Amino acid sequence: MSNPRWQTPAALRRIARRNAAERRFRLLGLGAIALSLGFLALLLVIMAKNGLSGLNWSFLSGSDSTDPHMAGVWGAAKGSLLTMLVTIAIAFPMGVLAALYLEEFAPRTRWIEWVEVSINNLAAVPSIIFGLLGLAVFINTAGLPRSSPLVGGLTLALMTMPVIVISGRNAIKAVPPSIRDAALAVGASKVQTVFHHVLPLALPGILTGTIIGMARALGETAPLLMIGMRAFVATPPGGLTDPSSVLPMQIFLWSDQIDTAFVENTSAAIIVLLMFLMAMNGLAIYLRNKFEVRW
Amino acid sequence: ACGGSGGSSGGARDYIHAVGSSTVYPFATAVAEAYAKAGGGKSPVIESTGTGAGMKLFCGGVGASFPDVENASRRIKKSEFEDCQKNGVKEIVEVQVGIDGIAFAEAKTGPGFKLTPVDIYKALAANPFGKPNTAKTWADVNPSLPAEPILVYGPPSTSGTRDALKELILEAGCKTDPAMEALKKSDEDKYKATCQDIREDGPYVDAGENDNLIVQKISQNPKAIGVFGYSFLESNPDSLIGIPLNNVVPTYASISDFSYPGARPLYIYVKKQHLGPIKGLQDYVNEWAKAWGPTGYLKAKGMVIAPADVQAKSAEIVKSMTALDPSTLK
Amino acid sequence: MTDIKLQARNVDVYYGQKKAIDNVSIDIDNGLVTAFIGPSGCGKSTFLRSLNRMNDTIADARVTGEILLDGEDIYAASMDPVALRARVGMVFQKPNPFPKSIYENIAYGPRIHGLAQGKADMDVIVEKSLTQAGLWNEVKDRLNDPGTALSGGQQQRLCIARAVAVSPEVILMDEPCSALDPIATARIEELIDDLRQTYAIVIVTHSMQQAARVSQRTAFFHLGVMVEYGETSEIFTNPREARTKDYITGRYG
Amino acid sequence: MILSAVLLAVLALGLAGWTFARNKARLLYAGRGSMHSMPVYHGWHFALWIVLPGLLAWGVWSVAMPTLVNGSILADPAAAALPADDMQRAAILSEARAIAADPSVFAFDPLSARLADPIRVAEGKWGTIGALLVLICALAGGAHAWTRVRAGFPARTRVERVVMAVLLVVSLMAILTTVGIIGSLVFEAGLFFKDVSPLAFLTGTHWSPANAHGGDISANFGAVPLFWGTIYIGAIIAMFVAIPLGLMSAIYLTQYATRRVRGWFKPLLEILAGVPTVVYGYFAALTVAPKVRDFAAWIGMNNPSTESALAAGLVMGVMIIPFVSSMADDSLAAVPRSMSDGSLALGATRSETIKKVLLPAALPGIVAGVMLAISRAIGETMIVVMAAGASANLSANPFASMTTVTYQIVQMLTGDQEFNNPKTLSAFALGLVLFVVTLILNIIALRVVKRFREAYE
Amino acid sequence: MTDIKLQARNVDVYYGQKKAIDNVSIDIDNGLVTAFIGPSGCGKSTFLRSLNRMNDTIADARVTGEILLDGEDIYAASMDPVALRARVGMVFQKPNPFPKSIYENIAYGPRIHGLAQGKADMDVIVEKSLTQAGLWNEVKDRLNDPGTALSGGQQQRLCIARAVAVSPEVILMDEPCSALDPIATARIEELIDDLRQTYAIVIVTHSMQQAARVSQRTAFFHLGVMVEYGETSEIFTNPREARTKDYITGRYG
């Protein structure tokens, strides 16, 4: 005794057609993901095919060389490491403090709006422009040494700080107001509330954003072209002011070598860099999952 | 870097710093490596900035924050030398380290071009002899050439190789017309535009800084011609052959004796004032002298060695470190 | 003897241009539970939060008029809002323990106010507060468990204990049971009755039944105005105003 | 030397002050409400009053000292030999200072070796004076604060004010960076526009800096082909890839995927954005570009170029997918669940609900996301440097080689160029254009997103 | 004559492991308004949503037992949820018009189900639905205005019109008035009374007063169990179960 209006052949056909459209649409979505990830897989497979055979201890521990069989990535990796140290030492505290100020304390004035617009915009400014800035400010004006992890790190810090501020603000925003209310209601001051409760609770989120920002900085090449890191450096840098290369720059330099044996080196270096990045991303995801709090 | 506030890094530097040409870069890195291996000290840092940008850094001043050596794929210009002087870089030692040929090449399967500078000038100039370039095929330029479309992959406007192409080939082709010589006297700018400007309507393709890619393109495209440093031709003997200019095939020999028109000298410039303070700078320059000979390893890297008399003269300069005489510059 | 703890005189509260509380005057006595009732959005919470200056934290909220705590104007420049909030504690609608241990939840307030001289002292405060909130027996063996691991009703009692730990004089409660089940609600209601011996208590509730059960005085709010205020038994059996009567008999809300 | 030592001394004083003041404040405690602030805040207040004046004096002195030392030096007979040129003089002096600090340093100029000794003496003198001054400031500050260690003193409020000031200053860094970028770009671009008319630069269609010589070079700096290449690669081809793939991925992940699938695929997709662009560039140049060229040849093009807008654009599109998908993801999630419930309850299928209700509602957010993605794409450098080519072609043929703004910036600043040449300076003008365009795109996008969010709050 | 429209037999609903509805059986008759009441979280919404399979859209929700619409199992494989939801319409707590014109809001359902043969036909449907929802006179001159520009009460009536437009047989309403002011609430309550001539109506409400005003049958839920079901007048004046009585007299909730 079911409803005849929905049992007519026309109605049934219509429903069948709509359900088919539904399935098609769903497949389309799945296809889009498959295609995107397929591309990623292709990239990884090709790099692995070209580069895996070149990954050995002497490659991992050596530095740049004109002989492809002698060349290694340690020098560049150490340069990357030092550069990242500078970047994080500057971008992290500044980013976190700025995020705290903007989210918790800033009065809603025109001025602060400008700060916000600048930060959001800086996060999207092409990286090469930070290279121009680094060249003008750190090298030409401040006279810091060219090609050094110090200048590279400072330049990348300017680029990374906005990313940290933005993710930091989101993490701070995600701390429920009820926690702030709770602290204020027992007589904590605003500053105490923020530093005792909000910041610790937002920290996992901030860290996640920081790791992602750092990963981006680690893979960055273009701004470093501008500040003299496109160089042949055959000894790993001993300190922050020694000239050095970085991993992505090493890849770029090797990709331009005449000797075709460098193709293997380039791919192997890419594998090393990608492993670093995936490890960082993995850590970020782990942190996010571990500390993600549902309020 | 203006020396004014450069004080913070005015202290010591215990490695050699060279900047400049991307053409010289592979040779400079090889020398640097040999120098370091010979126990000369910390490995020198070689930056590939391009000749001009390198000159700017090199001439920035004297002191640890300025490079010691400039690699150049052309001679220093008078204006650059003056800038050096102004910034206190008084004595510069010029050493010719070898030769680079700009090679014209086609794929092994190509039609077998034989060209002259005039052909190339007519095919590639923006305004050959003052008239807009309408040539579409090589036959338009010279009826004896195949009627294939003109397609030349060459270096971009920012490269020293491109300058060499303009000065060594195009201008040579251009100067075959006496009217041009006259023009040079009357209107230098116009002369330059007529003899050196490269057409931009398609037949000449800017292929980017990456000479590797030009090589690949040519080997895939039999009807195209590529222009790049000789070393690239030498390291791809399976896929490429050189195109004779004036019936001279670009070979090692023809470039080193300058019988091939596309040969140009490569230089390094050394800051004499740095010889004392920078440990090992003299050794590094000596290492160049060891390497550029007929049995040296630079040859294996694809550099064309200079003729014996040039080598001797350069060796003499290295030994005595005689400064460059500015009156020979233009 | 009347024992007035808090006095509001002609209080208006604005959010930006919008007036959320219109000219409310009320006396709140020690030793009693005062209930604020009224339909949603009538301004109960807004008024409650102006009693311990929690409204300061809302950028565009503005309070005019006078609110006196023991005769002292709480909005005077000389009054430190931080000290004020230690004297006028607050418990919120949704239990909001800090994501820390039970012990730390209680200890936080005394610590920032320097109320304890050392660990032993603090232990005493924690035990006393939890006992007052009727939670000690349930949690005494797991003081290091996170406060968020407790059940909803226990969390709310933890929040009450936290408020009590800084020895306030007044406790404000904004719908403290609305997120709880009936059994937990009953526990809290008992607790409120106990606490009123020591503190002046103000409670906002949307349930008239609850107001009737726990309070001695009731204020009825409507559209930002305090329509009626008096003995709870009076208000529920014999309201003076028509609007109160309509509300109580379920005509709206 | 001595100045660094005095800095340490000031910090040590601060630490000691912190302990003293806190302990003193503890003695004042007489039960609840007897003090405004906890003792530790008195400690901080006292320490800040020591350290901040000390630091301030130290900073001022560090800036002033070189001038004072130079003044003393110039009185030295050896200084008579200093060259007149300011720049050379400064270089020699700074070198001499380095030698004074570390005698093992070798002198580039014999004069600086001679000046080193007088410098050492002068630095010793002025350094000692400075150190005393710094100490006096620190102690004076401390003395002032010591009188404030009283029960009623609002130390917490004061300390918190300093904390706020620090936070404010840090936040202003963003403005400073922006100003720095604009300043350095505008200054150099200004030099460029002395030689080249801005109008010709922005509207000219002929880009050939190589042939720029002689009188009027404006005609050689028409940047439209670069703008076109940038837009064609970054905003057209890349978006052709990124929008459908990103949008459909986001739809699948938010609307169809189970939580588990989403938990796996979303981070995987985000890896695409994390791959360094130099890797994409290498991949584009080595793997994708030849395939594109083969394809072009196969469809009958004569002599297709290896470097093509299509190869660069395709790879860039893939890189951008996560940007589009995560913005679309957010926008779809921001559409309240009640919207889709409303549609589903009427008997609409999921896909009908998505197409007719969710997408239109999320459109502003998606558009904003696409704009952000475009601004990312047009600023992308390494992919185009490695795969797009250098020809300033004004063509709609995706198989043609094209160049972009970022490519030219890199070339102009690293190629064989004479300095102070319009060719080099044009890089800054291009940088300025790029900055302004991304700024506009971002401001629009942020506005749109904001309004969109408000609509549902 | 009983005229049973919907029949639930031993229905359990789970969210993951958690049982939110426990063994509920109920008959819902044509021509009547059935109210579900009970304290917050007792499962009213959950049960309501299982009546038109809206729970399908929640990933981990699972329904067991039988629900029959005109004797046909709505969870049977042969039942298409799309057609089912067209027959059993739903109105939500917060008015949720689509961000489209008023006309399009109504036309959306008929269009996807192919109920109109052309524009004229659609116009008739739109007018009829809006009239039934008592909104026609207020909006007939601005059918192209966005639905979101209406007031809250109008929006809720628009949502009712939207549900009516696909000619359902049952209309489920989940606290349809809780976001509305008292006047708008009164309008909707009148409307419900009109609509029950044509449709079987189920309404969830947290207000016992509202249940008493609009419904003929009332089901009382508590902790996922249906405690009592019967004539509304019976339930309110003479509840059989103690829990029902406690709830109605305001002992909790």
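Of note:
Order of writing sets the chain letters: A, B, C, D and E. Residues in each chain are counted from 1.
We adopt the following convention: a contact is a pair of C-beta atoms (placed from the backbone, for glycine too) under 8 Å apart; a residue touches a chain by one contact, two chains touch by 3 or more.
Here is each chain with its UniProt name: A = Phosphate transport system permease protein PstA; C, E = Phosphate import ATP-binding protein PstB; D = Phosphate transport system permease protein.
Owing to the predicted nature of the structure, the values given are computational and were not obtained by experimental measurement.
Common partners of subunit B and subunit E, by the touch rule above, are A, D. Between subunit B and subunit C, the least number of touching-chain steps is 2. Ranked by how close its C-alpha mean sits to the mean of all protein C-alpha atoms, the top chain is A. A centroid comparison over C-alpha atoms places B as the chain most distant from subunit C.
By number of C-beta pairs in contact, A-C leads over the other of A-E and A-C. The rotation relating subunit C to subunit E, fitted on Cα atoms, comes to 175°, given as a multiple of 5. The mean-CA centres of subunit D and subunit E are about 55 angstrom from one another, to the nearest whole unit.
Computed centre separation for the pair subunit A/subunit D is 14 angstrom, with centres defined by C-alpha atoms. The centroid of the Cα atoms in subunit C and the matching centroid in subunit D are 48 Å apart.
Separation between the centroids of subunit A and subunit B, computed from CA atoms only, is 39 Å.
Shared contact sites, meaning residues of subunit B that touch two or more other chains, fall at 2, 5-7, 48-49, 209-210.
In subunit C, the residues touching two or more other chains are 83, 112-113.
Under the contact definition stated at the top, the residues of subunit D that touch 2 or more other chains are 285, 349, 352, 385-386, 413-414.
Every pair of chains meeting the contact definition is listed here: A-B, A-C, A-D, A-E, B-D, C-D, C-E, D-E. Taken together, the subunit E residues at the contact with subunit D in this complex read 52, 54, 57, 59, 82-87, 89-90, 92, 94, 96-100, 108-109, 112-113, 159, 162-163, 166. Listed in rising order, the residues of subunit B touching subunit D in the complex are 2-7, 10-12, 21, 48-53, 55-56, 61-64, 73-74, 77, 79-80, 83, 86-88, 126, 149, 151, 156-160, 162-163, 189-190, 192-193, 196-198, 200, 205-210, 213, 216-217, 220-221, 223-224, 273-274, 276-279.
Against subunit B, in their complex, subunit D makes its touches with residues 66, 83, 85-88, 90-91, 93-95, 97-98, 101-102, 104-109, 206, 208-211, 213-215, 285, 290, 293, 302-303, 305-307, 385-386, 389-392, 401, 403, 411-419, 421, 423-424. Note for the complex: subunit A touches subunit E at residues 1-3, 6, 10-11, 14-15, 18-19. Put simply, subunit C touches subunit D in their complex at residues 80, 83, 112-115, 167.
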